[in-house]
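Take a look at the structures listed below.
In the two complexes below, subunit A is the common chain; its partner is subunit B in one and subunit C in the other.
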Partner chain A sequence: MKETDFNVGKFFAFLFLFIIFIFMLFPLFEQGNGLKIEKEIKDLRNRVSFAYSTKSVTDITKTLKESGDYSKYREIYNQERNDIRFKESANLENGSANIVTSIVLDYRGFDTLGELIVLFISIIGLTIILSNLNFVPFNPPTFLQKTGVLFLTPFIMLTSIYISLHGHLTPGGGFPAGSIIATLSLFLMIGYKFSYKLKFLNFIESTSGFLVFFLALLGLFITGSFLGNYLPTGIVGKLFSSYLILILYSLVSIKVGAELSVAIKTLYDGENNDR
Partner chain B sequence: MIFYIFLIIFILSILSAIISITVKDILFSVLSLGFLSLLASILFLLMNAPDVAITEAAVGAALTTVIYLFGIRRTEREDK
Partner chain C sequence: MIDNRILYIFSTILFLIGIFGAITNKNLIKILVSISVVETASNIFLVSIGYIKNSKPPILDANMGKISVSNLNISDPLPHALVLTAIVIGVGTTAVGIGLCIRLFQYYRTLNINRMGDKDEL
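Right, the complex of A and B next:
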């Protein structure tokens, strides 16, 4: 490449960063009352998100379709209102206590499926680029690296299991748990000299991905909507409560963890040095 | 108080982003990218979005840094 004093790409990068910097600083020095919200909209009961937080979306849409008058949706909300109590109310249409999870995996579950496909395609690209390469093995880890990894591994294992199993109760869920599992597999490779076979990881990834798609398609046959909730939803807030979301999120975490550990393993050992 | 914390995080993140594109040594640029995503996760936590903060810390700060470091180790370190 020819070296020049004035680099066009660098100039545009600096310009872009400067614009972002001004954009970030701008709201900090803003003096004013901010956005004025009407008193009616300020009440959560008058918003669309109220239906999602009380888990009564299908009832409200059904009543709206029957009446055919969409201008009076606020009144229908107030009629359908029923309080949801933690560890008391049971058999709702969606059993997860975490509203974000109930939207991500139930009401807008198709989006999550697209994310899974995007991650799968990126890992396919990485493994195609890195196929048939003989890497020189890394130096063996020093004493400090080894003891640090040995100390940290049980805690990382605990947090990954906790986040993947409590996806419907606390923030977190499948994708961060999967990436923590991939970090765990790297630590096991460094500290414990634990070596997986790539075939084994591929088997886990393909079976869990197939099960996710199968369970999602079963909803289409049983309830009539993709990823519809057809398993019983127990009491809100208990560990074994919304069974479909629990199963799906743990499967997603296993799938993402296996995919990302395939990427780390191929970069660590090389495909041909598969022990 | 929260204003100054936000200001410090903004300035540090902008500085680390500038360092990551200007430094000749790719190792330092990758490390500053990891630092940038760590700061972003702190920002998400301050803005009451723990979901996004956990994901950003796990993916941005840990995994992508490790994958980039492996890639640097398998290729050349200095930018030409």
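Right, the complex of A and C next:
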């Protein structure tokens, strides 16, 4: 097929998407007929996350269950509560200073468990698709690549450890730290000629995944809910504060790092070159 | 009703750019890149839902000092947690897609989707 200056297919695709664009602008101008939120109190008080960010989920659910009337949540939200102070408040229901982490690993920890399973299944799919494939080996790394990798490796190692341990204090956590560990394994393969065995990586990954499930199941026996918080929470804002989140996030970072390293090794030199 | 209009329009345009690329490109790798652009657009839209005007990020640190219940000044943390899940699933699907691309390239010796399927003529 010869390429012409005026491409008919592209023109019609553009027209089609322009019509969709005009339709997608409609929600900007319509007001709707449903329940309206008053503009004066447009804050977290109208959202579900109010209970998460004030760390009072068990309290609120308890009072709602006792009264039996779930439409009165606004009154319960407006009650007086203690402030959460940095490095002062202790023994809250969740000790994480980063509220996103407390949602990801505590209140909605089941979601994260499903996420881990999805990642695991996708890496299984990748290794099945690429099995029995003979790769053309890459060119050996040049001097510049080798020196850069040798210079950068210790810093990357330090960063990954820092991010995985500070998941409950700063942005980041297990998944970014795992991807940084995978970068580190690629660097080790390029610069140090260090070759992993896939069996070794699989062992690390399965052990940490089993430990995550085991710690989550312990919550079922101790507190009565899956992934319940049974370790002491400590003072908000300190490094050793919410112990369960600290342990779970480091295990998640090891698991994700091993999984993505398997993916990188499979894409780099194939399954058959398992030296 | 949409609160954050600029980010809504931006994510809409990015979404449509991604779909345009996925429709019109012939190269499989370019189609994968377009699909990840669509993914990024939906993530931006989800994050923009959680934004509240003049609010701080939902992380308690020394500058913020305290989270007071009567005067909450942080953005909604729930969409951030959802986006974290979406990003990881996006990585998984992209990895599987790249694996399928490698397989198809090995079989057909081309990545152009118009030339796939008629292997005898090659």
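By definition in this document, the second predicted complex is superposed on the first by the 219 of 275 C-alpha atoms of A that agree within 3 Å, B and C clash if a C-alpha of one lies under 4 Å from a C-alpha of the other, contacts with A are read in each partner's own complex, and residues count from 1 in each chain.
As a working rule, a residue touches a chain if its C-beta (ideal position, glycine included) is under 8 Å from a C-beta of that chain, and two chains touch if they have at least 3 such contacts.
Since the model is a prediction, treat every value here as computed from it, not as a measurement.
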| item | value |
| --- | --- |
| Greater subunit A contact set [subunit C / subunit B] | C |
| Touched partner set for A:Ala13, first subunit B, second subunit C, both or neither | both |
| Touched partner set for A:Val100, first subunit B, second subunit C, both or neither | both |
| Partner chain in contact with A:Phe138 - subunit B first, subunit C second, else both or neither | first |
| Partner chain in contact with A:Phe86 - subunit B first, subunit C second, else both or neither | second |
| Subunit B versus subunit C as contact partner of A:Pro171, first or second or both or neither | both |
| Contacts of A:Leu218 with subunit B and subunit C, given as first, second, both or neither | neither |
| First (subunit B), second (subunit C), both or neither touched by A:Met24 | both |
| Subunit B versus subunit C as contact partner of A:Thr112, first or second or both or neither | second |
| Contacts of A:Thr54 with subunit B and subunit C, given as first, second, both or neither | second |
| Shared subunit A contacts, counted only where both subunit B and subunit C touch the same residue | 1, 10, 13-14, 17, 20-21, 24-25, 28, 100, 171, 175, 179, 260, 263, 267 |
| Touch list for subunit A against partner subunit B, complex | 1, 10, 13-14, 17, 20-21, 24-25, 28, 100, 135, 138, 163, 171-173, 175-176, 179-180, 182-183, 186, 260, 263-264, 267-268 |
| Subunit B to subunit A touching residues, read off their complex | 3, 6-7, 10, 14, 17-18, 21-22, 50-51, 54-55, 58-59, 62-63, 66-67, 70-71, 73-74, 80 |
| Residues of subunit C touching subunit A in the complex | 1-3, 5, 8-9, 12-13, 16, 19-20, 23-24, 52-53, 57-62, 64-70, 72-74, 76-78, 80-81, 84-85, 87-89, 91-93, 95-96, 98-100, 102-103, 106, 114 |
| Complex contacts: residues of subunit A adjacent to subunit C | 1, 9-10, 13-14, 17, 20-21, 24-25, 27-28, 30-32, 42-45, 47-50, 52-54, 80-87, 97-100, 103-104, 108, 111-112, 115, 118-119, 121-123, 125-126, 129-130, 133, 169-171, 175, 179, 236-237, 260, 263, 267 |
